[in-house]
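Order of writing sets the labels: A, B, C, D, E and F. Residues in every chain begin at 1.
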Amino acid sequence: MARVVTFGEVMLRLSTTGNRRFVQAESFEATYGGGEANVACSLANYGVDAAFVTKVPDSPLGQAAINHLRRYGVDTSHIQRGGERLGVYFLEPGVSQRPSNVVYDRGHASINEVEPGDFDWPLIFSGAEWFHFTGITPALGPRVAAVTLEATKVAKEMGLTVSCDLNYRSKLWSPEKARPTMTQLMDYVDVVIANEEDADQVFGIAAAASDVTRGMIDKDAYCQVACELVERFGLQMAAITLRESLSASENGWSALVWDGEACHHTRRYSIHIVDRVGGGDAFGGGLIYALLQGCSACDAAEFAAAASCLKHTIPGDFNHVNVSEVLNLVSGDGSGRVQR
Amino acid sequence: MARVVTFGEVMLRLSTTGNRRFVQAESFEATYGGGEANVACSLANYGVDAAFVTKVPDSPLGQAAINHLRRYGVDTSHIQRGGERLGVYFLEPGVSQRPSNVVYDRGHASINEVEPGDFDWPLIFSGAEWFHFTGITPALGPRVAAVTLEATKVAKEMGLTVSCDLNYRSKLWSPEKARPTMTQLMDYVDVVIANEEDADQVFGIAAAASDVTRGMIDKDAYCQVACELVERFGLQMAAITLRESLSASENGWSALVWDGEACHHTRRYSIHIVDRVGGGDAFGGGLIYALLQGCSACDAAEFAAAASCLKHTIPGDFNHVNVSEVLNLVSGDGSGRVQR
Amino acid sequence: MARVVTFGEVMLRLSTTGNRRFVQAESFEATYGGGEANVACSLANYGVDAAFVTKVPDSPLGQAAINHLRRYGVDTSHIQRGGERLGVYFLEPGVSQRPSNVVYDRGHASINEVEPGDFDWPLIFSGAEWFHFTGITPALGPRVAAVTLEATKVAKEMGLTVSCDLNYRSKLWSPEKARPTMTQLMDYVDVVIANEEDADQVFGIAAAASDVTRGMIDKDAYCQVACELVERFGLQMAAITLRESLSASENGWSALVWDGEACHHTRRYSIHIVDRVGGGDAFGGGLIYALLQGCSACDAAEFAAAASCLKHTIPGDFNHVNVSEVLNLVSGDGSGRVQR
Amino acid sequence: MARVVTFGEVMLRLSTTGNRRFVQAESFEATYGGGEANVACSLANYGVDAAFVTKVPDSPLGQAAINHLRRYGVDTSHIQRGGERLGVYFLEPGVSQRPSNVVYDRGHASINEVEPGDFDWPLIFSGAEWFHFTGITPALGPRVAAVTLEATKVAKEMGLTVSCDLNYRSKLWSPEKARPTMTQLMDYVDVVIANEEDADQVFGIAAAASDVTRGMIDKDAYCQVACELVERFGLQMAAITLRESLSASENGWSALVWDGEACHHTRRYSIHIVDRVGGGDAFGGGLIYALLQGCSACDAAEFAAAASCLKHTIPGDFNHVNVSEVLNLVSGDGSGRVQR
Amino acid sequence: MARVVTFGEVMLRLSTTGNRRFVQAESFEATYGGGEANVACSLANYGVDAAFVTKVPDSPLGQAAINHLRRYGVDTSHIQRGGERLGVYFLEPGVSQRPSNVVYDRGHASINEVEPGDFDWPLIFSGAEWFHFTGITPALGPRVAAVTLEATKVAKEMGLTVSCDLNYRSKLWSPEKARPTMTQLMDYVDVVIANEEDADQVFGIAAAASDVTRGMIDKDAYCQVACELVERFGLQMAAITLRESLSASENGWSALVWDGEACHHTRRYSIHIVDRVGGGDAFGGGLIYALLQGCSACDAAEFAAAASCLKHTIPGDFNHVNVSEVLNLVSGDGSGRVQR
Amino acid sequence: MARVVTFGEVMLRLSTTGNRRFVQAESFEATYGGGEANVACSLANYGVDAAFVTKVPDSPLGQAAINHLRRYGVDTSHIQRGGERLGVYFLEPGVSQRPSNVVYDRGHASINEVEPGDFDWPLIFSGAEWFHFTGITPALGPRVAAVTLEATKVAKEMGLTVSCDLNYRSKLWSPEKARPTMTQLMDYVDVVIANEEDADQVFGIAAAASDVTRGMIDKDAYCQVACELVERFGLQMAAITLRESLSASENGWSALVWDGEACHHTRRYSIHIVDRVGGGDAFGGGLIYALLQGCSACDAAEFAAAASCLKHTIPGDFNHVNVSEVLNLVSGDGSGRVQR
């Protein structure tokens, strides 16, 4: 069983129910999630020894966040406790022409108080094969960015494969701030994952001729983006997820991967959406798992796209699917027939 | 901030949950609504000083109805208390080929006990620019019809614009009873709103060649209907909403407006429905707001159609959207991408 | 009011809510169902005097199962009490590409303890016109199969029409075990119902050129299957339901019936699915009702297909629709317009 | 199995949850109940063939009311359909010093439209031993009172025992109106049940020295009341329930019965209340059952008091307990130890 | 209708349900509250024109907080929008020996960004008779304290009565920090409300011989505390609420008031607790209302104690009771008998 | 951090909500529990490295059971997968005079298929200090009893302290069957825990003069029982929990322990019950923890009694309290004051 480490923030997620808007809500469903935590959970479901590293407050809410991860098999033994508060995000899921709405309340979260030296990375990475983070983590602030860099360097030195999901968030930083930080981190990264907008926003590598708000996507243009990412940063591989936003209820979903030699387009899924938050993370988790299993870039991308497709049907940030369920979809059965 | 007054009934709405039929229901979700109350709420969300006038019983349920309106910013200070009971309607939302089912229990409601002279209309309309009612209100009974006529006359005398949504309800009155009452009211009306069936049922102004139960609609024929409404009653404008009922879950939705000179067809929305009750009222609220803002008939209809489209994604009678959300959809983004 | 008797197992059904997977579930919705119980409930809704015969434990859960049937008008007076436990099935409803998942926990249920002689079939069938069972019942075990055979023989002797829904369940028995048992029962059966896979699995009567996991169905091939069923077993009629599994959320649904002379294809419904469990039983209930009413095979199949279409929009195993609702859909109104 | 018939109104009961007040409610729990329906359900639970007679609207809500009764084994075959609406009552359960609050919305209910001749009482009473009604039924209006009198006379003629729970409701009629109607009915009544206030309000037979709002009750004074009831109306027996209202959460509960010769005080229960609506009806159901079993007045009162005590722990109007559970409490085990 | 203004923070309150601990919670009930908001709501329920002044973020959550107040009739027109976030508090209600647990997440809330000059106090206080704040508000930070002082001075100059509930919160400041700030504010205060610990913690005015964790309270000692508060700060009146914490489920509750001449002890209530948060604020609201009505200190304290007793039976921070309900309890009816 | 191992069954627990009876239930709350699993969870909450050993089916339900334990920090790495089904128990919580009702459906559960040799006990016990089981485990069947004996012997050989909670269940075996099995196991046991009935039922060691169904308990008699247990089986210590069942809502709760030299009675708690299932297991968990910490028998019993008292306020089988919360209650603060 391979060991993978991820580092980032875990937040309390509070979502309205029954398609209610925030002003109608009299209750919230509470789960926990965050980019790297979601990837760790995906991997744990696939049988990987996945550890998630973060800092949460020493409070019942911090404990509940840990328990949520532990419940799904994630190794939480390296999570630190302390700091002011647990980040929260409020989610109002969209339907049809009404988009999902997220209100972040993640300022002053405990993870912002980490400093280089806080985590014993050599110990944490001991026996590990892979380290994963997303662009959200360095965006949280200079201190978290410094720890991310620290971890990335140690991972690289210890021979781990390092992957990064660019995950640009305009509410956390500007492209101007993101670029130098992310560029520096790229020195240690082997595999990059991006959605149809990230590469442009972070590195200015844009695809021609797409309009993401109208659901039109030019696959060749994105192939070019992946290729450029690999070449500019000397990567092993770059994968780009392609979301066609037909409405908040229906999306087209596929991905492509450039492995330095060829570009593979995955099958395209037309998805009736239950919960699209964490869809990209489910892709990342699937990709890492499949690559660890020795799959080709092409097969890994298919596994990742199918895993991510299934995530869209599951409430919460986490992707609760196992390997055989993903493979069943990869092999072509999207019929949704009852399994009995 | 413009002031708009609406007059009608507010009912307790009890709807089953989880797609349950009435015979399966062990609980009901409770909200409050009614044609004119829904329009007032739309307007309050847009920042209009919207007052809703009605009569509710002097009971905790009457108070709860008032509180529900107050919560969303509607001026309830002219609502009278007394009478026998609060009207109730039971809703069983439909799915796919199964239609929504409404059981009205609105007989003997307090509003039926109003009489001319009960409301101080000159005071209520003081500072107001617009008065709105629907065809449901005079249909409740002769006394309510008389008060509606009274209000309409005062509104007209005081220079308010008067709008009426025809909203024919066969369970409340027959076409024979509706026609004279509605015709008399038309003398004071400037703007009429109707759906694809109302004008025919109330005034015998039918569109050719449509079959509303099969989702086929001939826009030109409805343009003719709007034109005839304007001409027959000397209106400023007539707007017709066009619902293509593909199933209880999926509708096509658009509108057209005749402003005396031209007929404008709005964009057509293909909607995945959460709750279609109040969809027409959301159109009315959007139209009044946009006209008060000085929009052209064309732009007002687009605003109203988009507002109404969004209403279909929100549970309850009320349309909880603000101006920027509507404008965002008008400007073309129906992609439902997460707003973060 | 005709009398129909059905015999089989009723189980406690525990389903997750809010599209949750089993590992996320903190609660289950509890209803009760089973093939023949579902048919009885359909018939009771249509005004038929429908009796369901089974054995449940003498416990509050057994009582709750009886009450659930009684609530919807099924005659439960011949249900026996005793035995070890009530069978349970856990349901995780699917969405989009994620299939529904059923975990059966029906071993050692009370019905497995029945023996020939336990039920007074002549009394139970007194005044009845029809007896119905499904292939699940004999699959439960040799003792239940023996009682099924006993009942079928008595029914036949007493002049009842006997119908059987093949309903092959691979978790209960193998095709090798199913074939002789079912073949023996066929001697007493007049009407057979099957889905697009049953006839092949039970009797080796396969349709050419269909791939059920891809939603492609060749109607002519299935017509041939129905014909062969009728001829091989000397049936009055064979009906085959045709599910096109586009996804767990969207299915095509139709049926065909061979009455010895001609094959009738019903209208095809494109269904947005709420709950597809019991969809086949709703077809069976509709078919039996319509045939009892004297409908032609063609009209009966249309009634059954429409009834079954509506079932897919209702949570739980039971089909809570009445005759006029079904006829309304048969007559072509699938527009889902609000009934008020 | 003895047969008992009860006649009265069944209402939809909508109660707030989680101790919420009406103005806080966003949903209501829906059950069905009414004095005589509650008694019928108690009796059905004890194995009695209990029929409930009423009139409900021909609507899904009327059907749901019937189904609710049918679920618990009540014979609903004599219920008539038609009329305007189903009565509703809204319940806000109290806690501690805050009393429960009931808002009745029962005006214009279908039962008010019954007339003498509507029900075939000789058929309904065929094979029955007992007829029961409460003072609420004649209070609903002159027509219902006339039908009650009609039923009572037929019952008496056919040799049934007739029982009446006085159940005075000040919102339905005044003492002045109640007295003559109830006095006339008393001619046909054998067993009267009353609470600590009824006899005074209806017949002016007051107990000395009690203050029901302070939880003080003088048993001897009530014994005198029971005795006077028996003598004035030539009854077989009069039972009086004694509620000591310590708070909305805690009540003392006992009863006494005068059988013409002696007064028996039952054991007193100190109850932690879940739902006290229907507590008196549970007493009535227990008393009738025990007397039908041939119990002495003393034993019957103990059975009835214990049954009623248990009702206070069960949500909804109905008393879901069986004979052995009641006998277990009668025999002294109020320890509430887990039954496993 | 008198006008009262209160100033403070409103927070989103997220509480676990079903007696769950935080680590068990999968959802939270969402309401809104805070000391001064709660008082404003009490007053609005009594018919007072109550305005609440605060600052909330310009977000859907800020809007929801405003709507929650507006729903219950509070004037929210002077609330400012802006700043970083809405304060949140998580509540885990206690039972029996397990105490309620509150996790505050109120740091960086918008109200902390207010500055003197932000609010137009003369306008806000125009027509008002009373200004109320609690010790929590100045404890939030120096800027809020400065605005509180500003408001208090203006209120005093404009002739309003000023009341302060000491409400010491050790998590917000130390006694050393609290004392000078609160002492300065006392110059403008007329009426002080305190619980059994506040006066000691803030001003070092301790009652002898009480142990609040064991439910023993010496009324005379607290009378002395009230007297000393009045004399030290030249108050009109000091009221002290006396909570006897028998367990998290059962409390004794009473109050005493010193009006400069005599000490009045109110009736003591033994309360079965639903929700004790806001109990003190309900006392404050009741006291202000009764004093505005011209009640004596003694009668006002009785009204306030009864109002507060009822609050303990209502979920959420707000006290949803009207004047007649409070007076009914004052007059002695704590029997909790059903009101029908 | 000490390591403790427990062995037994974990079941799916399905409980009704809102005080509903089984026949009223439309949903069940789902948690997981069982005597030894509950003890392991208690210990994990206290920071102990607690491992739970069992066998669950290789199904989503088996996985969910494991996840539930893992969520709360229990080491589940030695749990085996396979076998037929997961045991289920249905719980109907009692109130006041109505007892809780448990329907077990645990027959044929996977754990019944274990055999000696299945578990590598030397590996499992490596580094452990304590092994705990209850009398329920050997009662499940001869094979489970044999494995229990096997584990107990290995534990003893490896120097672990062995504890056993007698936990007699009459539905699983008779006293005649229990006695020899339990007597054999006693050879390896150091610490016995029993409730007020177990010792009598299993070993015939009865206390004089108690009537557990009336809430009367003679502490001296139970001290004698504990003493006899220690002497007969050469134990280190025997602890007896004493439940005074006043009603299903209110219990007295205390314990006594005999350590070979003296008998210590703990403080007695008067508990308002939320959920009493697992109360005894919480005592066991507390006792083991405190003894591992080196506490005296007296202090350990106090810790255990307080921990168990708190468990009664928490829904589900597990005791979600930490050490400081228990110590806070031990030190005397049962006031339930809000912790903020």
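In this text, a contact is a pair of C-beta atoms (placed from the backbone, for glycine too) under 8 Å apart; a residue touches a chain by one contact, two chains touch by 3 or more.
Bear in mind the structure is a predicted one, so any value in this text is a computation, not a measurement.
**Q** Along the shortest chain of touching chains, how many steps lie between chain E and chain F?
**A** 1
**Q** Chains in contact with chain C and with chain F: which ones?
**A** A, D
**Q** Could you check if the interface between copies chain D and chain E is built from the same residues on both sides, meaning over half shared, or from different ones?
**A** different
**Q** Counting in whole Å, what is the centre-to-centre distance of chain C and chain E, each centre being its mean C-alpha position?
**A** 62
**Q** Could you state the distance in Å from the CA-based centre of chain C to that of chain D?
**A** For chain C versus chain D, the centre distance works out to 42 Å.
**Q** Spell out, as numbers or ranges, the residues of chain E touching 2 or more other chains.
**A** 17, 21, 23, 26, 29, 67, 72, 101
**Q** Using the contact rule from the top, write out all pairs of chains that touch.
**A** Touching chain pairs, listed by label, are A-B, A-C, A-E, A-F, B-C, B-D, B-E, C-D, C-F, D-E, D-F, E-F.
**Q** Give every residue of chain F touching chain A within the complex, in rising order.
**A** Of all residues in chain F, those touching chain A are 67-68, 70-73.
**Q** Quick check on the complex: what are the chain D residues that touch chain F?
**A** Contact set of chain D toward chain F: 17, 29, 72, 269, 271-275, 309-310, 312-316, 320-321, 325, 329, 332-340.
**Q** Quick check on the complex: what are the chain F residues that touch chain C?
**A** Residues 14, 17, 21-23, 25-31, 59-61, 63-64, 67, 84-86, 88, 90, 92, 101, 103, 105, 107-108.
**Q** Given the complex with chain A, which residues does chain C contribute to the contact?
**A** Interface residues on chain C, with respect to chain A: 18-21, 23-24, 94-102, 104, 169, 171, 212-215, 245-250, 276-277.
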